[in-house]
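Presented below are the structures under discussion, each in the form of structure tokens.
Two complexes come next, and they have one chain in common, chain A, joined by chain B in the first and chain C in the second.
== the complex of A and B ==
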């Protein structure tokens, strides 16, 4: 019950919103996630406890954006700083959701929450104050790429929430960057609602600093004929969870996911995905890669749920993993739950080490072992990185970060 | 390493070399000397140790040298790393060139070429200058420029992979090139292109070791010496006639030779 007490005691939460109250009530009945459930059983308890140890903070510390400011025609938003957004272009509009719209949508979501599966969202919404919830509705086309930053502050636990409605026929490219700080915990929950014929190319890049933690939850609802493409990368966190929950509400939609997590030292980073098809002709192509070095631990658990109504679903889920050290650990569990009888579904998992013959080949061309390792790892990243909607100048910085020890 | 050498000194000396992998002896006392301008062919049955010899000269970490020495330009290289051997001028053309998905062929070739150039105290090439160089070298093996933008060997046909090997040899300008079954999997036209490429690259300062099963490559590139390997040893050395003799007699006699000795 410690976390509940912590939230209750917090002076800043005196003026709780209705949503915070609802979530807090729900958390009272399950103050901590069930450690025996599939979703939490491999989670490192001491690291998770460390996540919750930091004092809750609604205010943001100093934040230096890691990229040059708007070097291109990019819309940049920072959760917690942008309160009054109204961007109208020739062919598009980006407007803030009204408080009524925002609360109505979030409440609808909460009513469908499973206490254990959505524990991270419940925590997030019980902590996120009005200022730290960014709600947008976007419509139109030829919209400039959007970047949304969410960041932690040192020595504290911060919670940020993002809600985005993509209206009919809307087509956007959105990069979400979650930044950890030294000794920090960040809770980020994101909700997307894709209306008919809309398309979202979504990138999630999350990287931390010394002893930073992250609970990152992503909830997507896709209406028919929508397309959702996700490229994600999580690295440099002492402890991080990325929970993805996608619902194709009527089927007839496309989902492509390419995700990657990199763990070093004694870090633990995990990805949980649950893809539900609630109608026929749904499509999913998912690949998740983990790369674990030193004494770190990478986890992937994915489930694809295809009920009887979801005939003609075409779904593929592949988990590919690379172990770079004898002491590193990888757990992976792609799963299918299929009731419909006319579907094409496949899943698989591989765990391997760096290819010795590839390394030898490169070395016989004068490339040093270190350089050959780097080239091989870059090639491993490439498939995922190329899927993240990120421009070249931003990628250079990311590349530098990836190559740091 | 190079400055100490005279033109008449051998490029490569393999002296009574024995080697094993996983405690299994593969080479059992191989000796071979290659002088500048010489072309040597090594022939023999599958499993006789030909490819192992080439990998050990190139420094494959899976093999242990249990006896003997490998000298390159007069210096013992037994303990050198594969990249150090390559940078100093040893080239191994692979029987099965490795595919490296996600690594562009152009970048791979540029990094390799610059590693060799650095060793030779030559200026490293930027992407622009390298493209100029590689364009010329592509003509040697009649390769299309489009191959450069693809991942290393990925999706290449057998012949394209072998041509890519010879392209690498042309760029690295090695002192000695060991070409492991470069002729396997090639049709007649591709074989001629590859053979012509090898001839264009080789000169009086370089040595070449061709590892092959068949006479057809040696019809295109006439060797000065032909060595027959069996059971981890060179059991016979002769001129180019020996290859013709092997073509007629087959390898059965090598089995008898091993049994008798």
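== the complex of A and C ==
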């Protein structure tokens, strides 16, 4: 009950919104996720309680966006600041969702929440005040790339929420950046609704600092003929969970996911994905990579659910993992639940270390061990990083990852 | 659409082992408590260590909760409504097969099990278990010449108590899981095999389990010990009559392989699966585990699961010895309202250990077929490898196929590969076969057989033929 008491005690939450009340009520029935459930079984308990230990804070500290705006035509938004947005271009419009629309949609979502599966969302929505919820309605085409920042403040627990409606035939590139601070916890929940024929190239880059924690939940609903591409990267968090929940509400949609998590020291980063096909002809191509070094622990659990209605679904899921240290560990569980008979579903998983033959070959060509390792890692990272829609000169992720190795 | 219906018809086949043998049996009263356990132990004239083992297990079982994590749905079992000991009445001591009740021999004859002299030509030694007790074990003298001990576990308790005391419960401890604890408390009979150092068992050993009464559970226990540089191939078969009640079968199988030893354990499981509405059938909740204790030891599980209303088992290997090998080959066919949650666990503890998993699931009708497997590389499993492959085939749009592989690695210098796929009977292949003049039914049967080929290749000859026939039988039927 501690967490509930904490939220209640918080003076700032006195004038709670209706959504906060609903979520708080729900949380009261099960204040913490069931540690025995598949979704939380492997989660490090002390790290998780450490996540909740920080005092809740609605006020943000000063935030300087990394890489100040350059000449490129990019729209940058920071959740918690400048939430009053109305951008209308020649071919597009980006507007803020009205409070009514926002509440209606979030309430609809909450009504189908599972207490355990959506615990992170419940926590997020019971904490997120009006200021920290950004709701956007986007339509049109030739929209400049959008960057949205969520950031934590030192020694506190912050909650940020993002809701985006993509209207029909809309096509955008969006990069979401979650930044941790020293000794901080960030709860980020994102809701996307893709209408017919819309397409979203979504990037999620989360990187922390010393002792920072993250609960990142992503909920996507895809209508028919929509396309959702996700490239994600999580690293440098003491404890991070990335929960992806995608629903193809009528089938006939395309989903591509390429994700990566890198753990070092005694970090624990986990990715949980659940893809539901509620109609025929759905398509999924998913790859998740983990790299675990030192004493760290990387977890991947992915489930693909194909009910009877989802005939002719084509889904594949691959989990590729690199284990680089004797003390590190990797858990992976790709799973299929299929009732439809006319489907093509496959999954694969591998855990290994860097290929010694490749290494040997490079060494015989006069490349030093360190260089050769770097080359191998860069080829491992490249597949994912090239899928994240970002401007290369500003976010040179590959360089960031390799040079910190 | 027509084709789909045909395929559905094809998988229907009546259960032909559903008869009941009318034989006088000795049953104890229903229910489970310490007195019942003492009574079972007393009936079997067991030494004290075994009674203590049972009582300890019972105490643990009482504290345990029935697990519910499997994706299975069944009515709660009333453990007090089961008879824990049922044995055909017979003369005090049997010195030869001639003294066995002819009705019993007839039963095994009907099942095609070679017990009688004239059928011994097939060169397979058989231990036949009827309800709670072992009826007969064949070829014992011949085996004894090689030093091989093959007898029922009750006899082993009397004649080889040292071995039983040393090994019983070392692979599957009494507290391992709910059903293993229950079995440890009430197990009635089963087989015991001991292969001495350097002996390659001259013939295949086989046990045949038959449940006859509808209200008694079957709790047998098998223990196989292969000493250094020995090898054995063991076959297990099972059937039960048709009752409209569910019967519980909670067995424990323990295998121990020492240095350079190899054990091959094959099962063809054809318990009664219940009728089309899912009434009746056996609950098959079995704990099977092998321990590769010695260096270069090998344990290989192969199974064909076609029966039981619910199958819930994971034959596993603990790979302790350096360079030890674990294998698991499985075909699971479910039809009507059958449910199966089966797979394996490969726990790599020692260095340079290897494991292979090949699992084929076929689900038809309204059945549910899940593969659940664990591959774990411990911190000392340097240079170890695992390869897993699980394929599912769906027949009809009401059946479900699930795959839950748990993969855990704590050793960077090891490799794990897993792949899984789901498909259905390919229309193109079906069309091709039919256009070559092969009948529909035979084409389906051929394709299913081809789908399972990797596993059938691993079965001993006698079993491969039986398994192929069994699948074909389940797939033959109303068509043509």
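By our rule, the second predicted complex is superposed on the first by the 398 of 405 C-alpha atoms of A that agree within 3 Å, B and C clash if a C-alpha of one lies under 4 Å from a C-alpha of the other, contacts with A are read in each partner's own complex, and residues count from 1 in each chain.
To be clear about the criterion, contacts are C-beta pairs under 8 Å (C-beta built on N, C-alpha and C of every residue); 3 or more make two chains touch, one makes a residue touch a chain.
Fair warning: this is a prediction, and the values are worked out from it, not measured in the lab.
Contacts of A:173 after superposition on the shared chain: neither chain B nor chain C is touched. Set against each other, chain B and chain C touch different numbers of residues in chain A, with C touching more. Of the two partner chains placed by the overlay, only chain C lies in contact with A:323; chain B stays clear of it. In the superposition on chain A, contact of A:379 is made with chain B only, not with chain C. When the two structures are aligned on the shared chain, A:195 is found in touch with neither chain B nor chain C.
Within the superposed three-chain model, A:336 lies in touch with chain C and out of touch with chain B [touch as defined at top]. Contacts of A:243 after superposition: neither chain B nor chain C is touched.
Touch criterion not met for A:267: it reaches neither chain B nor chain C.
Counting contacts as defined above, no chain A residue meets chain B in one complex and chain C in the other. Those residues of chain A that touch chain B in the shared complex are 356-358, 360-369, 371-372, 375-376, 378-383. Across the complex, chain A is touched by residues 377, 379, 392, 394-424 of chain C.
On the side of chain B, the complex with chain A involves touching residues 58-62, 81-83, 85-87, 91-92, 94, 97-98, 100-103, 108, 111-112, 115-116, 119, 151, 168, 172.
For chain A in complex with chain C, the touching residues are 308, 311, 319, 321, 323-353.
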